[in-house]
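Labels run A, B, C and D following the written order; every chain starts at residue 1.
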Amino acid sequence: MPKPISSELVATQLAASFARQGVLMAWQARLASAADGACEIVLPMSAVVTQQHGFFHGGVIGTLADAAGGYAANTLLMPSHECLSAEYKINFVAPGIGDTLIARGKVLKAGKTLVVSSAEVFVVKDGVEKLCAIMQQTLFVIPIN
Amino acid sequence: MPKPISSELVATQLAASFARQGVLMAWQARLASAADGACEIVLPMSAVVTQQHGFFHGGVIGTLADAAGGYAANTLLMPSHECLSAEYKINFVAPGIGDTLIARGKVLKAGKTLVVSSAEVFVVKDGVEKLCAIMQQTLFVIPIN
Amino acid sequence: MPKPISSELVATQLAASFARQGVLMAWQARLASAADGACEIVLPMSAVVTQQHGFFHGGVIGTLADAAGGYAANTLLMPSHECLSAEYKINFVAPGIGDTLIARGKVLKAGKTLVVSSAEVFVVKDGVEKLCAIMQQTLFVIPIN
Amino acid sequence: MPKPISSELVATQLAASFARQGVLMAWQARLASAADGACEIVLPMSAVVTQQHGFFHGGVIGTLADAAGGYAANTLLMPSHECLSAEYKINFVAPGIGDTLIARGKVLKAGKTLVVSSAEVFVVKDGVEKLCAIMQQTLFVIPIN
């Protein structure tokens, strides 16, 4: 059975929206998966994402978590709507030491006006994932013109 | 009267720490001022800081706010100590439409182990500043080796 | 010049809404002032607001901050609308040791759908106010039936 | 095999600490379980926990979530240490309409100085649990005298 057209449309919209995010493109972030209220974004270590000790920067970790929660919501909102971050809160639980960051977002509650998402961010070193941050977020739903 | 040596030492430490932040350097962020529990960081618009509509990205705004609160704390902690972000929370109150971002951090409470800072982020368009985000943050104090 | 009718209507609505809050009544909290996007709530120490060391409980401090931010918003929304808390975040910066709590809320940004408020909570001991908590909050606007 | 003495000591300490919380006692909150980094607190509806529409008050929900995260941490810290809330953030995802609140806290990361916990709060109506709030929290570890 073929996938319904709307799923393909959403996948195309998600990819197009992600590709327009200059900051994520400059970091070579990649939308690894996004469907059914969940999303995974992967980011390689490089000189443009570090803090003063050479680890992944907390702001970079926050940006990835924010994006993962937002695109998780977009999977449920598109093709007619998308979301903007109203606010987010992030706790850092381990330093961002490793070669790759993986942010996994999921929708906790999808309302008509607001969506609440969370994300966990893992840092990968020598193939081992370690939890490094936890985010909770409120998103504001807007129509796509 | 000459400035006390410790102030110059702190100013040098602050500048050196800031210059080691790869993500801020890649964005051409600038530490405009940092002293007495306050800090101002300025960021020009460019293709590497945008979201999908071409505005300043929420994660970039969050990163700048996080850095401003942290360096505000560092002005009180250095030369013997510095800080890491334990967590932050940011509300977005206007879209980041403009040519420059200015993040102004200040210390609300400086404890021995934890420092609480806040930051306001303004977006500048045609010379007019507009409040676009408000952040509240907990920092963890660590010794400088 | 007499106060406009709408101001009196709002003042009456605010007082009536506050008086219906069972938890605040049980604590003998008092709406000291509420106008023009700001609000002050006062709470006396008693056996029903303590934590395990006999200080004001963090949850009580959070409740008061939440209410202060919400009623600050209501001063701008009433008589036609009121607000519900979508989320809040609070930092505790000193233990709640004293005889009185004072929560002062103010609106940072009033949108049509969301309002962002902040509040500072002070604990009063021997007549001296000390900052004990700082809150940042998102409120959701709803019509009054 | 008998339970180790330290477990019983911790259980006794947890119960004693909980029973000293004036605000939770006044609400008739009950520590339903607390062990191994997790905790459940139950609260019956009554006139002293309501907001203006007669639902569970957001501040009450926040207090319960805060307590659940804190006692989850205490299960790992006691008998030698306990914790104080440094900060918490809570999102409300459904109105607190029902006869009982259940807050379930768990530790996400236990450090020597800081513990990060989360909690979910459910409202029970006609025997059906519904998620009404989600909390994320930073706790500060202190020795028990």
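Please note the rule applied: contacts are C-beta pairs under 8 Å (C-beta built on N, C-alpha and C of every residue); 3 or more make two chains touch, one makes a residue touch a chain.
Owing to the predicted nature of the structure, the values given are computational and were not obtained by experimental measurement.
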For this session: Please state whether the interface between subunit A and subunit B is built from the same residues or different ones, using more than half shared residue numbers as the mark of same.
Result: same
Seminar exercise, completed: Maximum distance between Cα centroids and subunit C occurs for chain A
For this session: Report the inter-chain centroid distance for subunit B and subunit C in whole angstrom, where each centroid is the mean of the CA atoms.
Result: 30
For this session: Measure off the straight-line distance from the CA centroid of subunit C to the CA centroid of subunit D, and report it in whole Å.
Result: 23
Problem set entry | Rounded Å distance between subunit A and subunit C, as computed from the means of their C-alpha atoms | 34
Exercise. Which subunit B residues reach two or more other chains?
Worked result: 86-87, 89, 91, 138
Seminar exercise, completed: In the complex, subunit B touches subunit A at residues 17-18, 20-24, 26, 46-54, 57-60, 62-64, 66-67, 84-92, 95
Exercise. Inside the complex, what are the residues of subunit C that reach subunit B?
Worked result: 89, 91, 93-94, 108-109, 111, 116, 118, 131, 134, 136, 138
Seminar exercise, completed: Given the complex, residues on subunit B that touch subunit D span 86-87, 89, 113-114, 138, 140
